[in-house]
Each structure stands twice: as structure tokens, then as C-alpha cells.
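Two complexes come next, and they have one chain in common, subunit A, joined by subunit B in the first and subunit C in the second.
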Partner chain A sequence: MNLPAIAAVASNTFKESARNRILYAIVGATLAACGLGYVLAAISAGDDPTSMPRRLRIIANTSLSAISLLGTLCAIFLGTNLVYQEVERKTVYTILARPIGRGEFIVGKFAGLAAVVVAAVLVMALGFAVFYALVGGIDALSLKHAIAIFYTAVELVVVVAIALVFSSTANPIEGAIFAFVLTLAGHATKNLDALGKEITTPHAGVEPGALAHVMAKVLHAIYVVLPNLENFNLREQVTAEKPLELPMPHAEILAYAGLYTALLLAIAAFFFKRKTL
Partner chain B sequence: MRFAKPIAFLLGVVGLFPLQARIDERKPERPSSLLYTPDRRLMKVIACGYGPFLADLVWIQSTGYVIREFRSGGSHIEHLYALYDVITELDPQYVDAYVMGAVFLSAIGNEPDRAIELLEKGEGRIAEVKGEMQEVTEGRVHPKHKERWKLLNETAAVHLVTYAGYATTLPERYEEIRTGGKLYLYAAKRYPLTEYPDAPPWYQKMGEGLTIRGGPNDPYRDMTPSQYYTVVEQVWLARVLVTPASSPLLKLYERRYAEIEARKVYEDVVAKMGRWKQKHGVAPTRFEDFYGKVPEDPLGVGYFLVDGKLVAPALDASVIERQLARDANGYHRANERWPENKAALVALAHREIPAWVWVDYDEKTGRVRAEPRPALVQPRGPK
Partner chain C sequence: MCYREADRAVIDLEGITASYRSGFARRKRLVLDDIRFKIPAGAIAGYLGVNGAGKTTTIKLIVGINRPDSGRIAVAGHLAGSNEARSALGYLPENPYFYEYLTPVEALDFYGRLSGLERKDRQTRTEAVLREVDLLDAKDRPVKEFSKGMRQRLGVAQAILHRPKLLVLDEPLTGLDPMGRLALRDIILRQRAQGTTIFFSSHILSDVEAVCDRIVIVDACKIAYEGSVEKLLEAKEGAFRVAFEGLAEEKHALVAEAAQGTVERRGAHHEVTAKDRASAERTLDAVRGAGGRLVFFQPVGVTLEEYFVEKFGKGAKT
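On to the complex of A and B.
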């Protein structure tokens, strides 16, 4: 691993992506969504003096969802262009002419864009904090909000890796569509596992057959192999009336993010190495 | 080491399985997204003309939510009223949503007052004016809606099944039965079969039976319990029959149906006991003396004779559980917190908990459970 070369690619990617107008548009839209949450909270709660928790919940819901959703769009739009643009502009030739492998190039690109996305999340989180504190006071903000935003950032890093896979295999439009679909699916994979459990549950005393059990196993395998982005979703825990239950399996969630990202980068590198330049 | 990289990749994929299993095992259950259903006024704003579509989406979610909560065994379902309030706000003509919401509120959520509130939102308030039932406020469901009768049908059911089931004294129970009967009589007039062909044809007959025979001045007073239980049994049987076998609600319905069966046996035994006592001047001490055999309890726990009185621990536990759950929910609604302990909860119920009923109360969640303890049924002995 040529770490200085990776750092150089990452640094350039960071600078280049940070100048992208899409990034500013999305960060701006997220901040506007945080403001919208403030307005919605005011509309929904009216003058009810007992409505403070509800107002805060609406602001937190709207803002955290916007950070996640618009952050995902940001990661996908920037990520799917990342490798493709370098190839189109032929700048990749000058980079690969240097002592850097294609795999290292991918890792550098990923690191640079992941840093941009994390920085964008920080800006968006600041916007959320301002609107939240405007309603509930600074004391209303707590560690649980920070944890939820942290995991949103981790989720977006995984989404960057997903986008990078498609960036090295497809054109930006196709890549963005595929990445978006996979990301959406990543929030619904639990249903596959639940479906597997449902079809193996006896109904009205009738025991399900062997095929149902095989199907359940296949569904479970798909559930595990597809990205499970719900692992990083602690947003509802933040706004729930139930407090965030700690300790969470933090180590496992972070290990999952690390392992899944590594696998995605391996796939991206695999395709990029076979790309005819 | 040609295969080192593919093997490492495969190991990585395999590693996802134990990792995901550990996360699933340890990550706290996600609270349902329904807990954050926004205020209904807000929903109207954001629906942008797609109210019925949104109502369907919330409806789909809500059924899963209620079933999950029901499976978890809670006696209180958070935001249940708000949920159906939102659905019916998005689509005011969604009759099934009013009815299903009321069934869930009264049968699972132990909130019959809110069930009535929801039904009144659809059909308007029906109250007795100058001795006759009348619509005193206007409902949201169109007066000509072909399924509107279902709302009144369920309102009568809440009085007959839920309120009458909670009643601790006979006059209170009669009052609820009479109200149910009057609603049936009103339904017979309001929803004639010529205009509402799906409405049940028995409203008039059933209403007459319940109102004429149900009151304290009724010459056939001793007939009322069995008549009442027949009606209640019909209500539950109808629910059992329309519920799919795979539905977790079926067990609840079957349980309530069995309770009514048990109550019928109970009333029968009490009636025979009374006749025997009248004849012999003393209370019987054995079932064989007046019943011929030990009565069989459809709830599987059994009946006992204690100090000359009939005791049914399973029936007592069921009624007490529902009464306490209703009181806990009412207290929570009024005070935004649960009663602080079991003693405070029992004090709300204004009734004594017999030794053969064990009550478990979680002051954090408001969950109430009552179980029969037949082993604790003992004669109190002479005072």
C-alpha cells in the first residue's frame, strides 16, 4: 500500500469535490429542510403549552431525515461521477502513470469523497443544532443526537463505497440509478428476513414444507449480503419517547461498516483493474 | 497466492453473517415509525390532495403496528387513537378505519371512551333526547354512505360488550345493555334495509329484546343475563369468523368468546345455586348437590365454591385485567403519567382484588396483567 500516493489522491479528490456545486446545493437544501422542520413544528403544535416534546420531535425527525436522505443523494451524485469523470477527462492517465496502483487509486478516491461527505454532514448537523436549540434551548441537544448523526455519517461513507462500485462499472446516470436503488433496498432488507421467518411459521396448525425453509435461508442470505443500512439508523431512537438504549452494539456496527466498505472497495477495484483505459 | 484475494473476499462476505447476527441480537428494537405520526392538522397540510392514498399507507402500517404491540402483550397501545384519528382525517369516508380503530381501542387498547370518540367522529354523537335516540352532532361520514351503519353497529357493540363487561354492579350493566339496545332500535330506523342492504336485518328485534327485557322493572329480569351473553357471544363470534386463521388477533377473539361461554356457565350455576338455597335454606357446599357434577370451565381453570358463593378465578382475572388496564389508560391520558404503583392503580378501580387473582403492574409502561391463581381459592372461614 502506497499510503502517500493514496493520501495525495484523497486530498485532490477532497478539494475537487468540495468545489462541486451539487454539494453546496444539497447542503443548502438540507439546511432549508431543517428550517422547514422548524416551521412544521410551529404549525403542528400551535399554542399548546404541553407541545414542546412534539415540536422537538418534528424538528429532529425532519432534520435528521433530511441529513440522511439529501446526504445520500450527495454521496451518490458525487460518488458515481468520481472515477467516470477521471476516465472521461483522461486525467486518470497522468495519475496512473505515477507509482500508484489502480486499487490504491480507488481507495484514495473513496477516502477523499468520504471526507467531503463527513464534512458536509458536520455542516448540516450544525444547521440542525441551531434550529433545535432555537426551539428547545441548548440543553435540549444531547449525546443521543450526536450519536445518531455520527451513524448517519457512517452510513453515508458506506453509500460512497456503493457509488464508487457503480462509478467504476457504469456511466454516471446508470450508476446513480443503481446506487440509489441499492441504497433504498438497504433500508428495507429487514423485510426479507421477516418474510423468511413468516413463511416458516406454522399457520392454522399447518407446518411449512421444506421449500419454505430453503426459501427462508435464501432470503436470510440476501438479507445479510445486501447492504443493511438500517444498522446505522438510530434516528428513530433519538426521537422516540423511549430513550436511546445504551450500550448499543457500537463495535459490531462499526466493524460491519468497515468490513462492508472494504468489500465494496474490493469490488470497485476489481472492475477498475479490468477496465480498458 | 493466486487465490488469496478471492478467498479474503469470500471470508469477508462470510464474516458479514455473524456480524449481522450479533447486531440483530443486540441492537434495540426499532420503535415503530407510527410513534411519530405527525399531528392530524399537519397531515392535512402535507397530504396535498393525496389524503386517501396517505390514509391507505398509514392504515397498512397501523395494522402491523397494532399486531406487533398486541403480540408484545401490552395492555396499552401508545398513540392508538391518534393513529386512527389521522387515518380518518386523511380520508373521512374510510368507514372501516373508524370501525377497526374502535375495535382495537376497546378490545385491545382498553380505551372504550376513545373508541366511542372515534366512532362519533364518523357518525356524530347519538344521544337520548326526550326518550328517543337522535343524532345530536353531525358526523364526518356522508349520510348516504352505504356502510355508515357499521359505525352505529360498533357503537352499540362497545356498550354491550365493553362497557357492560366492565360494569361491577347489575344496574350499571343493565344501563349499558339498554343503551346498546336503544342504539339498535335507532339503527333499525336510521338504516333501513331498502337503502342500506348490507345492514343486519335484526336491529329492531334485538333492540326490542334488549330494551324491553333489560331494565330493572323487567318482569323477565332473570332472563337478561343469558340473553345478554347471547348477544355478546354473537358479537365475538362474528369477529372470530371474519378473522383469518393466521391473524394473531384470532387468539384474542377466541379467548373473549371462551370468556362468554365461561360466563354463561357461571350464570347457570349461580341460578341453580340460588334455587337450591331457596329450597334448603342454606348455601350448598358441593357442586354435586345442586348441579350434578363439577361444572367445566371453558377457560380451563375451574369454578370453586367459597363460603357459599361461586368463584371463577379465570373470569375474575380477565375482568380485573381489563378494568385495571382501562383505569391505567384513563389515568395516563389525564395526567400524562402512569399510576405510580399497583396500590395506586387498584385504588382507582374502587374494587378489591381477590386472593385468587394475581396482578402484575409495570409502572414504567402501564402494562397490567392479571392471572388466576386457583390454588389460592380458600374458604375465609367464619367471621
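On to the complex of A and C.
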């Protein structure tokens, strides 16, 4: 691994992506959504002190959903353009003529965009914190909020890797569609697995046939192969009165994110290496 | 086996075959077929061919951007595409593109980092190469404000930044005005004087003829010629100019017929161009036979451009 070259590509990608107007539009829209949550809280719950938990819940729900949804759009739109644009603009030629492999180039591009997306999440989180503190005071913010936002950032890093796979293989419009579908599927994988279990459960004394078992195995395989993005979704628990319930220990969630990202980068590098430039 | 540096081939292609897949059916199209040539150290070599002959494809294979279907390419003794080979070469693509928001200093710092230069060396080399390509005054302007000629010079600057043994330039002179072409030719000659081997493709054959000591011509997927410009043109006999005087106008038709050309007045004498030696000798006989006096008899050398157009013009794809 040529780490200095990867770092050079990453820092250049960071500078380039940080200038993208789409990024600012999305961050601006998210901050506006946080503001909208503040207004909605005031309209729906009034300023009665007893309505405080409800007002805070509305702000948290609106803001954290906006950070997740608009952050996903940001990761997909910037990610699917990332490699494709380098090839279209031919800037990639002078880079790949240097001692840097195509796989290292992919890793550098990923690292640069992932850093931009994490920085964007930090700015959005700051906006959320300001509106939240305006209503509930600074003490209303808790570690639960920080953890939920941290895992949202981790999820978006995985989404960047998904987008990068399609940036290496398709044009930005096709890539964005595929990446968006895969991201949506990543939030529904548990339903697929549950469906598999459902169709193999005996009903009214009738044992399901062999086909149902085959289908269940296929659904389980899809569940395993697709990214399980719900592992990173703690947003709905933030407003609950009880402590956070993690789907698995922190180390396992992070290991899952790291391994899945590494796998996606390997796939992106595989396709990019096969591409004739 | 021990080589003198000057004897060693800096570029060595053996049996290179390359193809592209295109269209919905991903049909294979052969671009290069069993290409083989060598470029010795210290040479300035021109790579010629009509549009679509495979020049850029060959260059991308040498640089290591793409891989051939079969065959072997060595760059400075290393397998093309290896980090050693890439470190040994500098590459200027056709119409070089840069990140528009970067200044030349920032762009060169980026390329220096990719090449593994230390920070201090990057700063020193950036200053030196910007001076070399005459861009020092524009070092803090964003690339988006640059003209075509300035981009081309920045492209050369990034290519020579890490002091490569080999410079590979794809159509470096295309689109430049005469002053820009002259400046780039000077840079190429200065790089050679410093010991760099230069390999470049071009459509501007007068420039190729002026600076190259070696040319390689690719035609219909194969190498059509490899060697010196002089040797190529020696083999091709040129025309002859015959100037005469003291011949009545009605006799000019005889001379024109012998020369298979047109007699034209040039000041005090008349002149005709005979297309080859045999016609020139018939023209001399005709002039003398009709009572005229010879003013001069001069061979006209064939330029590379004339040779190229005659030999490959019909196959040109535009």
C-alpha cells in the first residue's frame, strides 16, 4: 500500500468534494429541516413546560431523520460521480501514470469523500444541537444523541462505499439509482429474513413445502449479502425514555461496518481495474 | 550482460496486441497487432500514424494506464505498469486536464506527493519546473483561468517534475500557436540535453522532422516503419527543379511534356518541376534540344509530411 499517494488522493478529493455545491445545498437543507423541527415543535406543543419532552422529541425526530436521509443523498450523489468524473474529465490519466495502483486510487477517493461526509454530518449535528438546546437547554443534550449521530455517520461511510462501487461501473444517473435501491434494501434486510422464517413456519398444522424452504434460504442469503444498515439505526431510540439498545456490541457494529466497507472497496477496485481507460 | 546506458532501450515493446470492446454486444476491435519496437536511451522519437491508428492506445500501454492483450512492454528495464516503470517516466496526455480550482503550485504539489517526492524537494522542483515552462508568473492563478498553451505547459511541468528518465508526450503540439510550438520544441530539446529520452506522438510532421532523430510509424494496427527520419526519406526519391532561359514560348510545351509539369516564369528565367530523375533528364534534353540554356538544376528533398501523405494519406480516418 502506497500510503503517501493514497493520502494525496484523499486530501485532493476532500478539497474537491468540499467545493461541490450539492454538498452545501444538502447541508443547508438539513439545517433548514432542523429549523423546521423547531417551528413544528412550537406549533404543535406550544410553550407549556409540561410539553417539553414532546417538543424535544419532535425536534430530535425531524433533525435526525433529515441528517440520515439528506446525508444519504449527499453520499450517493457525490459518491456516484467520484470515479466516473475523474475518467470523464481525464484527470485520472496523469494520476494513474504515477506509482499508484488503481485499487489505491479507489481507497484514496473513498477516504477523501468519507471525510467530507463525516464533516458534513458534524455540521448538521451542530445545527441540530443548537435548535435542541434552544428549546431544552444545553443539559437536554445527552450521550444518546451523540451515539445516534455517530452511527449515522458510520452508516453514511458505508453508503459512500456503495456509491463508489457504482461509480466504477455505471454512469452517475444509473449509479445513483442502483446505490439508492441498495441503500433502501439495506434498511429492509431484517424484513427479508423475517419473511423467510414466516414462510417456513407451520400454519394451522400444515407443514410448508420444499419450495418454501428453498425460498427461505434464498431470502436468508440475500439478508446476509446485503448491507444491514439497520445495525447503525439508533435514531428512533434517542427519544425513548429508556437507555439505548444496541443490535450488537459497539466493537461488532464497527467491525461489521469496517469489513463491509472493505468488501465494497475491493469490489469497486476489481471493476475499476478491469476498465479500459 | 552489461549494457552501456546509451545502448539500453528505454522503451521495449515485444509482440503487443491490444483490442477494445465496444457497443452493446461488446464486440472486440483489434487496435494493435503484434507491435514491436525499441527506443534507445537519449533519443527523441516521434510516433506517427493517421487518426485511429493506435498511437494513444500504444502510449497508454507504455505508461501503464492500460494493459495489452498479449506481449511485453519494458520501460527503463521494468515491466510497464509496475511502480518502478511509472516512477521512471513522465506522461503528458493529449489535451491534459487538471483540477480546475488548483493553482499550478498546488497541482504540482499533488503530483509530487503521488510521485513520492519529499516536501522540500517538491517545493524546489515546483519552482524549477515552473521556470522551465515559463509559468512562474502564473503560479498562483487557478488552472481554470489558463489558456490551452498554458495548460499544455503545466502538463509538461507535471511530467518532468520528478526528473523522469523517459518523457512520453501524446500530441503535445496539437492546438498550440507557432510560438507555443516553438517553446515546447525548445523544452523537448533541453530535456534531451539533460539525458531524458523523449517519445511523442504528433500530427505536426514538420516539428517531428525538426526535433526527432528517430520515428516509428504505425499503420493498420502494425508498425510500418522504425528508424531514422533520414533513412526513411533517403529511400524516397524527390523531385527536381529545372530552370532555363533563351527558349521561345512555343517550345515550352515540349519542356512541360518532358517534365510532366507546368512551366512557370520566375523573374528572368523559366522553371519547371520534374517529378523524378528520369523526367528531369528528359527535361534537360528537351531544353538543350530546343536551343535553351540551363540556369540551374536542383533536387527537391521530400519532406516527412509529403512522404506521410503519399504513403498513408489514403488510409486516413478523420
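Here is the rule we use: the second predicted complex is superposed on the first by the 269 of 277 C-alpha atoms of A that agree within 3 Å, B and C clash if a C-alpha of one lies under 4 Å from a C-alpha of the other, contacts with A are read in each partner's own complex, and residues count from 1 in each chain.
Quick note on the criterion: a contact is a pair of C-beta atoms (placed from the backbone, for glycine too) under 8 Å apart; a residue touches a chain by one contact, two chains touch by 3 or more.
Please read all numbers here as calculations on a predicted model, not as lab measurements.
> For the combined arrangement obtained by superposing on subunit A, do subunit B and subunit C clash, or do they fit?
On the superposed model, which is not a single observed complex, subunit B and subunit C fit side by side.
> Pick one for A:M248: touches subunit B only (first), subunit C only (second), both, or neither.
first
> Touch check for A:L211: first (subunit B), second (subunit C), both, or neither?
neither
> Tell me which of subunit B and subunit C touches more residues of subunit A.
B
> Can you pull out the angle centred on subunit A between the C-alpha centres of subunit B and subunit C, to the nearest 10°?
For this superposition the angle at subunit A equals 160 degrees.
> Should A:P4 be classified as contacting the first partner (subunit B), the second (subunit C), both, or neither?
second
> First (subunit B), second (subunit C), both or neither: which does A:N233 touch?
Only subunit B; A:N233 stays clear of subunit C.
> One more residue to check, A:V224. First (subunit B), second (subunit C), both or neither?
A:V224 sits against subunit B, while subunit C stays out of touch.
> After superposition on the shared chain, which partner residues are touched by A:A266: those of subunit B (first), subunit C (second), both, or neither?
Only subunit B is touched by A:A266; subunit C is not.
> Applying the document's definition of touch, where does A:Y256 land relative to subunit B and subunit C: first, second, both, or neither?
first
> Look at the superposition and give the distance in whole angstrom between the closest pair of CA atoms, one from subunit B and one from subunit C.
Shortest inter-chain C-alpha distance (subunit B to subunit C): 18 Å.
> Mind sorting out which residues of subunit A both subunit B and subunit C touch, each in its own complex?
none
> Quick check: in the complex, which residue numbers of subunit A touch subunit C?
By the definition above, subunit A touches subunit C via 2, 4-5, 7-9, 12, 15-16, 19, 89-91, 93-101, 276-277.
> Which subunit C residues qualify as touching subunit A in the complex?
20-21, 60, 63-66, 83-84, 86-87, 89-91, 93, 95-99, 101, 110-111, 113-116, 155, 158
> Which residues of subunit B touch subunit A in their complex?
So the residues of subunit B in touch with subunit A come to 5, 9, 12-13, 15-17, 19-20, 22-23, 25-28, 30-31, 33, 35-36, 38-39, 41-42, 45, 78, 245-246, 336.
> What residues on subunit A touch subunit B, complex-wise?
Subunit A reaches subunit B through residues 40, 43-46, 50, 54, 57-58, 61, 203-204, 223-225, 228, 230-231, 233, 236-237, 239-242, 245, 248-249, 252-253, 255-256, 259-260, 262-263, 266.
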